[in-house]
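Just passing along the structure, written as structure tokens.
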Amino acid sequence: MARTHAETGSPAGAAAFLLVPNGPLRAGIDARAVIAVALVFLASTAVGAATATEGTRSALEVIWTWSPLLLWGFLFNLFISAAAMLIGTAAGVPLGVLQTSDLGPVRWLAWLVTQFFRNSPWLVLLFLCVFLIPYRFTVLGYTVLLPDWSKAILGFALPVMANVSEIVRGAIQSVPTGQWESSASLGFNRRQTLAQIILPQCYKRMLPPWMNLYSLITMSTVNASVVGVSEMITLTNEVLAAEGSRPALLAPLYGFALVCFFLYCYPIARWTQALERRFNVRG
Amino acid sequence: MRSVTHALGAPIVLLKHVCKRFGDVEVLKDISLEVAKGETICIIGPSGSGKSTILRCINGLVPVTSGSIKVDGVEVNDPKLDTLALRRKVGIVFQQYNLFPHKTALQNVMMAPVTVLKQDKAEVEARALKLLDKVRLAGKESSYPGELSGGQQQRVAIARSLAMNPLLMLFDEVTAALDPETKKEVLVTIRELAAEGMTCILVTHEMSFAREVADHVYFTDAGVIVEHGAPDEILQHPKEPRTRAFLEQVL
Amino acid sequence: MEAFADWFRWLYEVTGINLTYFYDPFDRARMLRGLLLTLWMAGVTIALSIVVGLIGAWLQGSRFRWLRLAVDGFISLFRNTPPLVQIYFFYFGLGYMLPRVPDVSSGQLEPLLSNVQWAIVSLSLFAGAFNIEIFRSGIEAVSRSTVEAAESLGFSRWQTYRDVVLPLAIRTCLPALSNNLVNLIKTTNLAYAIAVPELMYAAKQIWADTTNVPEMMITVLVIYVAIATLFAWGMTRLERWLKVPGFGTGA
């Protein structure tokens, strides 16, 4: 019965339909999604536990024993992503502004840099930074050591920069030109207009995609395991080795990492969606 | 005179005690009406009085809760109803035109006969061209809906319904979204159709048009038919206070 | 051809820039194989992820609540976990649990799926999860009244879906789809982590032999950017080709 209403597009049906996204049903779906993850994880650990032979520990025991180390690794992932976001945003905002410059060559160059780093695979950029930046620098007689993780941060900051640049450009261009004209008529110069009129209006529009980007970069910090930075997945591989490389432990341990990332990123994704909806409604 | 024809003609549409509820809201309460072949009737009334729902029930877009609807002798309120056969007989034109935006005017008119009725494409095209000419849109065949004015789109929509050779045409406030200028073009088209003997049911707010084309006028309010009769009776000398109040407001 | 190779040998001698794959047939073959595998994986994962997206979007319209919930769970799961760990989980974790099957030629027990196949499966599911949401939003963007118009003309559910909903939905979601597929092309190089000999892996083998890390790194970067840019350009062409006048802009 209820379904017929929604289908016929009656006012009552439409109203019921509009209520759904914010209603209790949606929250129920969220809870179920989380439960689904937990079930997958439990199933894999159960299989691991069942196949544990005499004298070896079950998967759950292994995870429990090593969880302090693994979670420490996860924190390191979060640190890398935060640092990459910070650097990438600091570089990306000016790059995005340059993409809207009055000067043709400047605009073109900023566009080229943005497009290049946006279309490059993140793993390749990571390799580029980790393998090509020298391990030590000597500046003015001081020797600076650059550990792999610091180069990895740079490797993640590059794609962040390019994506932030696009977000900023899109947001600036979405502000009606009338704003520029009225600011000019009030005697603001370009820089003042940008800093005091245009950019403050863009925050709302930029926040959801920026948060999306943060979530994406957090998830790709595990790529650093490929170049040996000791983040969560590298540590997971080490734990596997320490436990005698038992294949039965593979699914549970990688499953544990999946769950950690899911529990961190899923709420961010929900929050981002909520923000998007709110900002969209307000136009 | 008109009311006599009304009583004598064989009914093409016959509604008996039709009720429709959406959840707790009773949109139609005990609606009965009949339309004879070749007749044009207008349904007037305040918005939200269930006028559009009556039309949607007649061609089976909305299932009724209780009561009987017969179109050309076939019961619509029947789970085993062949909806395709029903919709071939009943054309409907909507307030918002609802053309297919990715098809040209000609393709919009041709689509249903070709897809649904599996008719020969060349034959359908010839007919569609004639229909577009009839609604005065010759030359606009290859325009997309987005390139046409509201009135033009509405006339394509009329041609699209006519292409199915319906027995009966339903018009759901077809001029409500149009400006006065384009409104006229659409009304002229409908008037011609009615004059040619097409059976038409119009839901409309155009009182003067209703007076001009209708053989019979029904006034509905809050899901019931308050009164009905010849246009002059209802629109000039309404008996019911509700009808009077409504007409005072719109005229 | 020989002069071409000689020029790159000369370049190496004079500048130290060592592009071995231009003059060394062995390296060239390795590089080409890597490039072909990357292109092949990109093609197959794009196709499969679209299939996953279409099936998922279709299941989300299902009458069964648990089916819709399962699709929602699948989307949340794949969107909010690192694709690299997904690949590890599939290849190492699930790959270990699946039975081994005898190889056709040698008769030896082999894993059911190779590393290339696992990479394709997990990447397709990953990108497919995004595609489901993209397709769903496209389908939801088709206005209810346009669908009603098709129904009123007698279109069946499937005809409505094929001739009205799908053509409109595809046009609406093409930009988002293009974006996601470009991301997928870039993400295929995660297969490197499970030793799939794609472009990046081939480059690494070469630089391990010749220690020309910067040259190979930049080569890989340029090739990927070129593939992604070409694909994005192709999608823009497709968008323009499918563009209907007056649809999708403004209104």
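Order of writing sets the labels: A, B and C. Residues in every chain begin at 1.
Quick note on the criterion: a residue touches a chain if its C-beta (ideal position, glycine included) is under 8 Å from a C-beta of that chain, and two chains touch if they have at least 3 such contacts.
Fair warning: this is a prediction, and the values are worked out from it, not measured in the lab.
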item	value
Furthest chain, CA centroid comparison against chain A	B
Identifier of the chain whose CA centre is least distant from the whole-structure CA centre	C
Pair of chains ranked first by number of touching C-beta pairs	A-C
Distance from chain C to chain B - Cα centre to Cα centre, in angstrom	50
Averaged-CA centre spacing for the pair chain B and chain A, given as whole angstrom	54
Geometric centre distance via CA averages, chain C-chain A, whole Å	20
Touching two or more other chains - residue numbers and ranges from chain C	145, 148
Touching two or more other chains - residues of chain B	61
For the chain A and chain C complex, residues of the former touching the latter	3, 9, 29, 32-33, 36-37, 40, 44, 47, 115-116, 119-125, 127-128, 131-132, 215, 219-223, 225-226, 233, 247-248, 250-252, 254-255, 257-258, 261-262, 265-266, 269
Partner chain C, residues of chain B touching it in the complex	59, 61, 83-84, 87-88, 90-92, 94, 96, 98-102, 111-112, 115-117, 143-147, 157, 160-161, 164
Residues of chain C touching chain B in the complex	143, 145-146, 148-156, 159, 163-164, 167-168, 171, 244-247, 251
Of chain C, residues touching chain A in the complex	63, 69-70, 72-73, 76-77, 79-86, 88-89, 92-94, 96-97, 144-145, 148, 182, 186-187, 189-190, 192-193, 200, 213-214, 217-218, 220-221, 224-225, 228-229, 232
